[in-house]
Amino acid sequence: MAIILGDNQYGKAESRIVRIVRDGPRHEIRDLNVTTALRGPFEQAYLTGDQSNVLPTDTQKNTAYAFAKSKGVDSIEEYGLELARHFVGDVDPVTGARIEIEEFAWERAVVDGSEHDHTWLRKGQDVRTAAVTVDATGEYVVGGLKDLVLLKSTGSEFAGFLKDDFTTLPETHDRVMATALDAKWRFSSVDVDWNDVYPRIKALMVREFATLQSLALQQTLWHMGTAVMEEFPDIVEVRLKAPNKHHFDFDLGRFGVENAGEVFWAADRAYGLIEATLLRDDAPPANDAWRFSAGLA
Amino acid sequence: MAIILGDNQYGKAESRIVRIVRDGPRHEIRDLNVTTALRGPFEQAYLTGDQSNVLPTDTQKNTAYAFAKSKGVDSIEEYGLELARHFVGDVDPVTGARIEIEEFAWERAVVDGSEHDHTWLRKGQDVRTAAVTVDATGEYVVGGLKDLVLLKSTGSEFAGFLKDDFTTLPETHDRVMATALDAKWRFSSVDVDWNDVYPRIKALMVREFATLQSLALQQTLWHMGTAVMEEFPDIVEVRLKAPNKHHFDFDLGRFGVENAGEVFWAADRAYGLIEATLLRDDAPPANDAWRFSAGLA
Amino acid sequence: MAIILGDNQYGKAESRIVRIVRDGPRHEIRDLNVTTALRGPFEQAYLTGDQSNVLPTDTQKNTAYAFAKSKGVDSIEEYGLELARHFVGDVDPVTGARIEIEEFAWERAVVDGSEHDHTWLRKGQDVRTAAVTVDATGEYVVGGLKDLVLLKSTGSEFAGFLKDDFTTLPETHDRVMATALDAKWRFSSVDVDWNDVYPRIKALMVREFATLQSLALQQTLWHMGTAVMEEFPDIVEVRLKAPNKHHFDFDLGRFGVENAGEVFWAADRAYGLIEATLLRDDAPPANDAWRFSAGLA
Amino acid sequence: MAIILGDNQYGKAESRIVRIVRDGPRHEIRDLNVTTALRGPFEQAYLTGDQSNVLPTDTQKNTAYAFAKSKGVDSIEEYGLELARHFVGDVDPVTGARIEIEEFAWERAVVDGSEHDHTWLRKGQDVRTAAVTVDATGEYVVGGLKDLVLLKSTGSEFAGFLKDDFTTLPETHDRVMATALDAKWRFSSVDVDWNDVYPRIKALMVREFATLQSLALQQTLWHMGTAVMEEFPDIVEVRLKAPNKHHFDFDLGRFGVENAGEVFWAADRAYGLIEATLLRDDAPPANDAWRFSAGLA
């Protein structure tokens, strides 16, 4: 009945790193939020306070900034792999590394019809994410996006559901459907053209959300996930988490005003929450690919 | 030495109203956060609890939803004027109304190269605002935008400043400049093509931010404001509030890595904060145009 | 029709300063968020970019940290006065200074029944604030608190209100009343025992909220304000802003369950918003006492 | 290479339920944020949109509100068990239920030295949590707290750590240590005096944080967890997640001011993040006890 130390990891969360490429007059920008976590024989740090195996989280942060220069940030997936490989390969006691990255998008300012060389506006609300794990079993990349806010004003139904004594919801064959999608996809390979794949995945998900006559948010998620997996053979698992951001018809009939699906109250809470994993039946093992640290990616 | 009731107002803040126009297959969406506040002879509600002059905030909310249908939301400025005129004109004790509106932007989903009829993605982070005041002295519209996040990677200096015993900041002739602009502009008229003006103002501000070789954020703000006022004669006052979102060079030299303005730490706090009002010397009086309620617009 | 520069100010917002007093084994803690803003002849910074009158915001931050040691933080009001006097008195071009401070409360950890010497827990959600202004017209202190979340489960009514075509709210003589109070009070003097006054003001406001059989939130605010002003002669103005955080009866009758004011849905938005100023009829002029910078205090 | 539906669940997140007990003049309040999620044979909702097995999330919300009255909320753990048992036992296709609850604390207003019967102030920032799982394998309760913000101004060291080329952090034998603790503990039984256990666990954690001369946050976490497990035999697993909220000495020496651990800059990001699981070596299987839905509890 002894108490033992189980899973543990430590690192530096949320280093805000902005990388400017300024080789010529036309600069490039990458805007990241980087979390690193290390795994290995750190028991003595817990049991006796002995830090001799512990690389400080401050050092991890320094490394993340240094690699943004020395390795560059062509894609967050590749940059994350470089960092993870360094910690596992170059720092002796470390046996596993987890790198979680958020990337914030910018678009070039347009001035007098032309894209500006060194000025940008923050673009959109959705965030590209990458979660990289490297350990003795291999290298794992989970790509993702979050806070992709989508809304369709028709083409969504909810009917034929189970009813019990607490059910008061009317059936509907035309409602607003809105969500803030959180999607993650696991690759079976690290030999991927990351910057090519990401926008195509996003476009496929938007397409399915838009074009499916939806009988439930569950069905929409399934279509989103399968569209991605059919297009990309090396994506072997997709995890989707989608709040049902309710838009309720506001009852204007009380004041003699008709409301045929035109005026809605966008509610904050409570919200539906639908979660699903799609998986190839021959997917290789995920091992620690889904073991989170800060959980922002 | 009596205690008296001074300025007071009351209303309903943050009604989340989504308006879908569905006259044909191609829908339109307007997504609003509406605050209403009423002014008038409400002393007895405070002094004795007598509510006979008090139109409930719930009624104000109902009205805002009803007008979204009956009057429509062609622009938030016009919709706000309709609401304010109603409260002052149709509700007997009310002598003044303040309507503050945030509008969240959406862009059409693009599916197989075409804009979709009834599906949208939330667009950008900046919010269009309108603050409308109607009272016995007239009608006032303050347009605005907020959370417009801009960054330039060169073309910004900060030097020649005042120094005292607590000054340690080095001078620089090349730094990152970034802000999340909050801008408000007062019109001298309510006969304005609101939806034409808004994007042009935003474009002018972006242009000035991008193209001025900036000696200080103060100078950039002045150029933004004058560009707008020179273009639009009926804009008589511009108020600007701009955090200086610091991007500090991360010292990579400690690890033998050069960093010539390429890797930055984006700090959260503290931040500089620059505020300025630009005004025509013959501007008509603002009266209560700048008297806020919830202050979100 | 020239464009002129009107009101302007600049400074450093949200310096997070923690001050530990460690004269003996029993430490003390003050946890602040400090904003400074300077006013004066800064036109050329805007018009031409000339910074020769501009003390950097970084210097202002350094000064705030230095004063936390050299002057100490006995109270945020006194510390704010010290900072403001320094900027106006010691920095030549500066003619006015505005200091806004939030203070976060901590309580000592209790270990085996005793208060611990150097360990604390963050206490409560309400924040003590001070806004200090010093300029050629004098010295002004506005004390305050915000985010004081209060709820009473009975003793609140709302009836006898004005009705129009959009009114559907039923009258009630027993409802939940809840708010997150934002209160600010202006002193006519700077010779005040700041740390004695603050908790007494808070206690008076809580007492009035609790004990008044409230006919409206307006009435409750009036009672809160007058109780404070009657107790403290040198408080000459009180400004109150109170959201009506709605707690709606959840309709359980649909499932055959009675709900006599026992189960509520706590809504996020929309919320009522009640604002009032109470003032002595012989109050000295406020001048710039209420001219905000970051507006957090 | 077929695509299959893996883990999935759906429910209603964040129902904000306030329960007032008003049997006599002295009321009681419980303030909850309730998430429910159901597991079972819901494949057809995804694959074909067939909802015949799907109890609407709206119904789940209704049930949560109804149970707050009919079952009461003596403790969130017991209330969660009632809800979970109902969904699994009474709703035919449901095979598993997950209930996640946050509870917000209130303290009675003190008026003229006495606790008030029906008025409260929100208390503290820490949140009590419960995550209940009921399925064919049994019943599981995970208690918890989060956002418990603790700070000690001495009694914390960090030295003797591993160094590499990117290490610049100096060693220290006296620093501020601060965190916002997130702790969860798994019970091996559901026959527990929940409201007795919770404050005792919190007190033990605070005691260990305060009294241990800490060589690392890791060591502090280990002491917190073992103190709890040694006191409560039916707690078989503790999971701890603790940001290291850095408080950096502000360099006042540049202005000739000494700073012997008295003035600190409280940084927002980046922060250290330490995570650990403590476990009895004979703990019964957790099964789905740690499978989250909204993840707020």
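Residue numbering begins at 1 within each chain, and the chains themselves are lettered A, B, C and D in the order written.
Here is the rule we use: a contact is a pair of C-beta atoms (placed from the backbone, for glycine too) under 8 Å apart; a residue touches a chain by one contact, two chains touch by 3 or more.
A quick note: this is a predicted structure, and the numbers were derived from the prediction, not measured.
Peer 1: Answer with same or different: of all residue numbers used at the interface between subunit C and subunit D, are over half used by both copies?
Peer 2: Same, since most residue numbers here occur in both copies.
Peer 1: What angle of turn lays subunit A on top of subunit B when you fit their CA atoms, given in steps of 5 degrees?
Peer 2: Superposing subunit A on subunit B takes a rotation of 180 degrees, nearest 5.
Peer 1: A-C versus A-D: which has more C-beta pairs touching?
Peer 2: A-D
Peer 1: Among the chains, which one keeps its Cα centre farthest from the Cα centre of subunit D?
Peer 2: B
Peer 1: In whole angstrom, what separates the CA-based centres of subunit C and subunit D?
Peer 2: One centre to the other, that is 30 Å.
Peer 1: Just the number, please: Cα centre separation of subunit A and subunit D in whole Å.
Peer 2: Subunit A and subunit D have C-alpha centres separated by 23 Å.
Peer 1: So how far apart, in whole Å, are subunit A and subunit C when each is placed at the average of its C-alpha atoms?
Peer 2: So the centroids are 38 Å from each other.
Peer 1: I need the residues of subunit B touching at least two other chains; which ones are they?
Peer 2: Residues 15-16, 62, 66, 166, 168, 254-255, 268-269.
Peer 1: Going by the touch rule set out above, what shape does the chain contact graph take here: line, ring, star, complete or other?
Peer 2: complete
Peer 1: Looking at the complex, which residues from subunit B come into contact with subunit A?
Peer 2: 15-22, 27, 29, 31, 62, 65-66, 68-70, 106, 109-112, 116, 118-126, 148-155, 176, 203, 206-207, 209-211, 247, 250, 252, 254-255, 257-268
Peer 1: Provide the residue numbers of subunit D that touch subunit B in the complex, in ascending order.
Peer 2: 165-166, 168, 254-256, 268-269
Peer 1: Within their complex, state which residues of subunit A touch subunit D.
Peer 2: On the subunit A side, the touching residues are 1-16, 35, 37, 42, 45-59, 61-63, 66, 90-91, 93, 158-164, 166-169, 214-216, 218-219, 221-222, 225-226, 229-230, 237, 243-244, 269-282, 293-294.
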